[in-house]
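Chain lettering (A, B, C, D and E) follows the sequence in which the chains are written, and residue indices restart at 1 in each chain.
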Amino acid sequence: MLNDFLLLMKSELVLAFILFLLLIIKVAAEVKNERLLALIQILLLGNFIYGFFFIQNGSLFGGMYTTNGLIAFQKSILSLGIYLISLLFSDWLKKSEHLIEFFILLLSAVMGMFFLISSESLLMFYLSLELATIPVAAMANFDLHKKISSEASMKMILSSALSSGVLLFGISLIYGATGTLNFSAIPALLDGTGVQILAFIFLFTAFAFKLSIVPFHLWTADVYEGSPIAVTSFLSVISKGSIAFILLTTLYKVFAPMHGLWYNMVMLLSIITMIVGNLFALRQQNIKRFLAFSSIAQVGFILVGISSNSILGTASVVYFVLVYVFSNLAAFGVAGVISQHSGKERIEDYRGLYQTNPFISWVLALALFSLAGIPPTAGFFGKLFLITAGAFKGNYFFITVAALNMIISLYYYLRVIRAVFMDSNEQPIGKINLDISTKLGMIICGAGIVLLGLLSWVYDYITALSI
Amino acid sequence: MLGVFSFGIDLGWALLMIPLLPLLGFLVLGLFGRKQIKQSSGIFATSLVLVSAFLSFHTAYGYFFKYGKLEGVYQKIIPIQFTWLQFSPGVSIDMGILLDPISVMMLVVVTLISLMVHIYSLAYLKGEERFPTYYSFLGLFTFSMLGLVVASNIFQMYIFWELVGVSSFLLIGYYYDRPSAVAACKKAFIVTRFADLGFLIGILILSFYAGTLDFNTLILKLTTTSTPEFLSATAASFMGISALTWALVLVFIGGAGKSALFPLHVWLPDAMEGPTPVSALIHAATMVVAGVFLVARLFPVFSMSAPALELVAFVGIISALFAALIACTQTDIKRVLAYSTMSQIGFMMFALGVSGSGGENGLGFTAAMFHLFTHALFKALLFLGAGAVIHFIHSNEMKDMGGLRKYLPITHITFLIACLAISGVPPFAGFFSKEEILLAAYQHNATIYWIALITSGLTAFYMFRLYFSIFWNKESLAHESAHGEGGFAMMLPLVLLSVGAAAAGFIPFGDFVSSDGKPLESVFHWQFSIAPIALGLAGIFTAMWLYKKQNNRSDTIAHSLSGLYKLAFHKFYVDELYLFITKKIIFNLVGRPAAWFDKNVVNGLVNATGNSTLFISEKIKGFQSGKVQQYAIYFLAGVIGLAILFIYVWK
Amino acid sequence: MMEPGLYHVLIISTALFFIGVFGFLTRRNLITMLMSIELVLNSVNINFIAFNKYAWPNKLDGLFFSIFVIAIAAAEAAVAIAIIINLYRSHQSIDVENAADLKF
Amino acid sequence: MNGSTIIFYLLTTLILVSGILSVTTRKIFRAAIFLLFSLIGIAGLYFWMQYEFIAAVQIVVYVGGITVLIIFSIFLTQQAGELLPKQNKGRILFSVLAAFCGFALTLLQIFRHTFGRSFERPVLPSMENIGNQMLGIEANGFALPFEVVSILLLAAMIGCIVIALRSKPETV
Amino acid sequence: MNLTLLILLPLLTAVAILLMRNDAQVKWTALMGASAQFVLAFCLLFAFRKERALGNIAQMLFEFHYQWFPSWHISFHLGVDGISVAMILLTAFVVIAGVLVSWNVTKMTKEFYFLLILLSLGAYGFFMSLDLFVLFFFLEIAVIPKYLLIGIWGSGKKEYAANKLALMLMGGSALVLVGLLGVYFGAPNHNFDLMLLSSMHIPIAIQKICFPLLFVGFGVFTALFPFHTWVPDGHSSAPTAGSMFLAGISMKLGGYGCLRVATYILPDGAKEYANLVIVLSTIAILYGAFATMMQKDLKYINAYSSVSHCGFVLLGIGMLTKTAMVGAVMQMVSHGLMTALFFAVIGMIYERTHTRQVNEMGGLIKVMPFITTVLFIVGLCSLGLPGLSGFVAEMTIFMGSWQNADLFHRVATIAACMSIVVTAVYILRAIGQTAMGPIKEGHLSVGDARWNEKLAAIILIAGIVAIGIAPYWLNELVTPAADIIMHKIATK
């Protein structure tokens, strides 16, 4: 029993261990930020690597918690994400007064996400969702002296409170209609009556809110813009990834009987999301806000893959999230470095960046190409697999819309590329000396973007896990 | 290469060398002429053409007197042929050499005139900056023209046809810094290109029905009335005219363009912007008769379609008269010669048009070829003579000339011989060939005969108008010219050609060239010649009366005929018509709208897509109001909307 | 009037839920918005308890769910109030309309 | 019409009326008091349903904790006697519309649906049962959620401390 | 002959370029890489001919197979037939010429050559791939380098042009993608392998949906009317080598795709829409030609004429006869070489006169005899002079088109033929105004071509002349491949 417990919950336990270690350090010792950050980076790297060992399938706590290879892999993706965040934003983190608190909150949020992915009951689902949200809302306020930071934080906590209210109401209705909270028991009890549809929609809006699906996305851009960039990247990558994973489980497993319903809904929302995300991204000036809308559009694509309702869908969504971790974190990493060194966050400030900082320009370009789905970057494969999975149903209208949306998205990604590479600027951003760990993070991201697609075994590995 | 060396390796190689030597000249001079062999380029090219000419004479001798005849009939021999581009089984472009009387004759004409021009140019263009370029272009032209005349495959002919066109273009534009030359060379190319379109489509039709592009097979299939190819070609019709006729008419359009027949003649007078030797070679003796040659080459097929032949005849005769009328009024000596060329080609063409195929019926064919031959000699001579005059005077205008017989004695004599030849005064060459043409016309079609008769009278008139204006008229020259007649290199061709122009008429042409390869007995009635000779002499004397001395008789007559004169002087406004069609209609009504449409509609649609996206994006920004309660309302509206949609509407 | 049962309680909870939502949508003061959220969460709790009592008394899932909701609500409220106070310190106002720098 | 029913309707009235007043009154302190009443009413409802434990929790956490927290924060951020600003008409209109539509739709669906019923032996919400299950790790055990909530509370605490105790004066 | 070499070589060159220290090293590395490609392409040609001569009649030679994404049935499958070999040769010619003419690029030289080589990588991969996914992959690889080439090194409205080009091409590839997915899921068993797909019977309903998607999608690349508007802007703003690659290689990707993918896999679709294709391509031919007549900028002239010339490619495909198809391939090769040369010449002229407006030039023969000679040659090739490649290709297309005996095809063919006159008009206008006429004052002191430019021009001219004078080798190369495609269409 204990053995099982240790092995099955190993990822959460490692996180808890790191978390309490940090707590102890906070209470017991004064350590310089640099050394602390190095320690944290090492711990997170260890956590990531450890994620690939001792993987077992099984469930615990009377079917509230479950894990298997795929879930372990998903957790590894998230671990990788936080490791990269700790690398990429080291400049900002080192200067932060609340480094330890930041990581405590971050790790508890990640723990929430781990539980979320592993949850097998609506209760665990709700609780871990909150655990994954509330600390992040607090983290959004970590630029303590910035007005927009507290505004962002306020918007996030209030919106998510409303969203969780709606979610809870949905859960309560499902509970009322089926009498159980357990994922494996629910499908058999669903019969598609009005109240269940209503409950499903209430429940779905929570996903929609977290994933920023239109029209539940409105908080996203404001919060992304106002938050510290590390938090923004966490929100847009890790948080979204985990929600996408659990959405797969929820839709494919729990609401499998309502498949026809949710397929239509996902298709509809996907189309709206892609279009609206793209249209808003077109006109953004702030790079964070821009990335916010672009990530909304990306979610539209994830929905295309999700609509597939097949192993293909699962595999391609997981793969896409993995790719997305590298691409989006690279983009945010560059934005973070620039913002940290020059305080500039507007796209027009990026003009002529290539002249002064070729390395980060290439990283940014790679990231944006990957987001736009240009080969040979991994984003190309990611998007292509999503679309192919979506085409599985033979709905060519949907696929055509998705494919055409790639063009609009290309337009705005190219806007940034244009600013960086083509435009000239009288006052370009000066030469930035990159922190070694930031550079490492960028290199990892760049390598991931380039290699992930070409090395097909990564995808095959995910497919093998998805079955 | 699948050479069919049926007459031994020697003949094959010799034949190949005829066109390839000028090509070699073109390549060598084109690649290295500008620097390495600038000085000797003229000599080099001339010697190549000399060899080539020698080989052609050798070939002609061999063909006509040794091996060409089989049982009294001249054979069509293909000593060399290889497949150049295979389209489908049976249909391929073959490169080859076809020897038959007309091609052999043309070989002689082309190499001979080319040689003369090469020699002449040595002096005429001495000291020019682009001397090697000039010779390389001449080489290209000679090569192409030779390739054209020996073509064994209709597509091969088309290929060289185009090459001839482009070398003509290059040579007309030789004085590239003169805007008029540039305009002229473009005009020449484009007008002939337009005509070639007809040729091309004609080829397409012929090849489709005959299933081959090879001349011999094609002619065989389309002249044997029992073959399925012939039947399908005559059975298929479009707009009431059989496919065969369509094809021939279209091919003829191609020929008419190259040969500057009405109404596609507009380029020829302008082409006189080129160096005068070029005009002699290309725009008088060789290239412009390519159309005649083409019709002659396909003559057996033409003879299967009466309407096509009739068209040939009428276009020919109209061109002849039309050009003669204009020639009477022009003052630029080269233009007069150009119109005269056009008129003479009209003669050849209608001779073909009135001809039948085989035996005595084929008189027109023989006559046309004969005239082609003699015309090449005397017209080249005329141009070269005119060149000598221009070289001396530095002007093309008649008014700048007069009394030149004292300064240019050799030129004067040779020019006179040529004028007499073209006017049809016996015993000069033109007399014999023209007589045959008139006879053929007389036997066939009275209308044509009468018009032709009048035209030949006009010919005599305008030629001697030219002659007198240059060499007589004013006695004193407005400005003295420093240099003399131009030296040996210029005079030698004149003399040689004048010998030809004087004596070529005595060649028993019918023995060699006829529509069916059998010798044709030249019937010669002296009574018949009275009318043409009388008319010719009348023309000469009128010209003498008007132009030998300075007087204002010509102006008076011009005044009294002001309408007609003006019309003819302005070339019947055909140029203006063309300008109107191209500038006003094609450019303004097709080109400009196409460009406008592209810029505004097609491109506009693309831009509008982009702009409307941006516009929508700007319009919907209000949703992102920054107010969290607003967001909450949208959130709830979304929830409720989805719920209503999926519970009630979209089940 | 009939004996109050599941549906009666559900009417209360649903009404309370939307009262809370209404408050959330209309109140301009951040603290009152937070109060509205509390109403929403409480309505959900009523639901859970009611379902547990009237429909599924065989397990205590609903009860436990509402206990955890209360705990979460407390945590959420605490964080929210901290954030609001911080916002108040930087904006000198807790009017939600005044905190709208981030937009479009 | 027995006593229990009367109590039910009284509670209903208390909950809804004070709920409505709490979201509409323009005096913020009163709003907090009405919220308190409403929460107490809900606690009463739990008692009425014989879920005493949860009722007690409700009173302790909400009445004793959250409401007090709210009142404190009101004191921190509000000048006394100040009326709350009025919302604009359009927003109110749309809010009413949204709330009402949602309410109607939800109720309609709820009433259309016949909720199932378990006929197994009920588990009483006694302290003993609750205590056992709360820390159970087998089926029907809630130890894991309990741990999750504890981490959440820890994180929330740390978050609150960091945010609320910001040291330097604001610069932006 | 291992086909992966042709992918590895550009890849290694590109990496090597990134590692170089200074501009001179970069240039020489690029030139060596391009020369190696050139040699390799010829090796491929000879190896291919040898195999064929030895009697290997397999449709594709030198096949290479590697399971890439087995779960999607995607394999890295390469192979060549005569058409591919022809296209690869074309690419090699254009690449080496492009590298040579860019010799004096000074702005960000390393990046410039890197992108050029990357583009060639995309083209080689595209022409060799026998798996639709891989094909699509390489198709898209070639887009972004173009964008950057135009945007960074371009001139004029470069950003607008670059954007338009990238977006329209991506739009095209989006349609291709949808079409490919349609084929993938519509085929009896889900597969991306071109050879397998071609042997399957794809349901007619699927063909009817997918053919237009694929054809239009690829058509955007090859300037199918009315999706050609990126062509003039893109070409005119691109740097010289960019235009050369764009017109010489990139537009051929589309034509090749239309032939190899749309027509070959979906023969019924091709038959169904053949008339539409013919109408559109005929419009493109004439309309492009007429629009060219009105242009005054040399690059616009060549760009619009490319629209017209590429119309011939599509016409040749739409005619659905073997001869026309061979003609289409020849036209692709011919136009690729010719237009690359044309842009190279325009670049040379622009560099010296600093204008591209024809009416601001004149008499350039005097000062730059070599360049104007090349201009003449390329112009004459463009207007279809025999002895140069354009003639061979166009005539083959005409002959092939004419094999369709009905009135519709006849009218289309004649209309297309008419373009040879219009082409002559605009080409002669352009040449006449630039090279001939009196020279402008300011241009008296400009110099002639340098060694690199001469070499580039000579290489391309060699290609043009080799096809023009001896078309039979190209014909022999392409015909068997076209035969197979036509056979498939005919038997369906």
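The criterion applied here is as follows: a contact is a pair of C-beta atoms (placed from the backbone, for glycine too) under 8 Å apart; a residue touches a chain by one contact, two chains touch by 3 or more.
What you are looking at is a predicted structure, and each value in this text was computed from that prediction instead of being measured.
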Touching both chain C and chain D we find A, B
Steps needed, at fewest, to go from chain C to chain E via touching chains: 2
Would you kindly say which chain has the C-alpha centre located farthest from the C-alpha centre of chain D? B
If you take the mean of the Cα atoms for each chain, which one ends up farthest from chain C? B
Relative to the centroid of every protein C-alpha atom displayed, which chain's own C-alpha centroid is closest? E
What chain pair has the highest count of contacting C-beta pairs? C-D
So how far apart, in whole Å, are chain B and chain D when each is placed at the average of its C-alpha atoms? 102
Need the CA-centroid distance for the pair chain A / chain D, whole Å please. 31
With chain centres taken as the means of their Cα atoms, state the distance from chain B to chain C in Å. 97
Distance between the centres, which are taken as Cα means, of chain E and chain D, whole angstrom: 70
Please list all residues of chain B that touch 2 or more other chains. 610, 621, 624, 626, 628-630, 632-633, 636-637, 639, 643, 647
In chain C, residues with contacts to at least two other chains: 17, 20-21, 24-26, 28, 33-34, 50-51, 55-56, 58, 64, 68, 72, 75-76, 79, 82-84, 86, 90, 96-97, 99-104
Where chain A touches two or more other chains at once, by residue number: 123, 127, 130, 134, 137-138, 141, 144-147, 153-155, 158, 162, 169, 173, 176, 179, 194, 197-198, 221-222, 283, 411
Among all the chains shown, which pairs meet the touch rule set out at the top? A-B, A-C, A-D, A-E, B-C, B-D, B-E, C-D
Spell out the residues on chain A that touch chain D in their complex, using ranges where they run on. 16, 19, 60-65, 97-98, 101, 104-105, 108-109, 111-112, 115, 123-124, 127-128, 130-131, 134-135, 137-139, 141-142, 144-147, 153, 169, 173, 176-179, 193-198
Residue numbers on chain C that touch chain B, as the complex places them: 21, 24-26, 28, 33, 96-97, 99-104
Note: in the complex, chain C contacts chain D through residues 1, 3-4, 6-12, 14-23, 25-29, 31-32, 34-36, 38-39, 42, 45-46, 49-60, 63-64, 66-68, 70-79, 81-86, 88-90, 94-95, 97
In the complex with chain E, residue positions of chain B that touch it: 34, 83-88, 91, 93, 155, 158-160, 162-163, 166, 169-170, 173, 176-177, 179, 181-183, 185-186, 189-190, 193-194, 196-197, 200-201, 204-205, 207-208, 587, 590-592, 594-595, 597-598, 602-603, 605-606, 610
Across the complex, what residues on chain D touch chain B? 91, 94-95, 98-99, 101-102, 105, 109
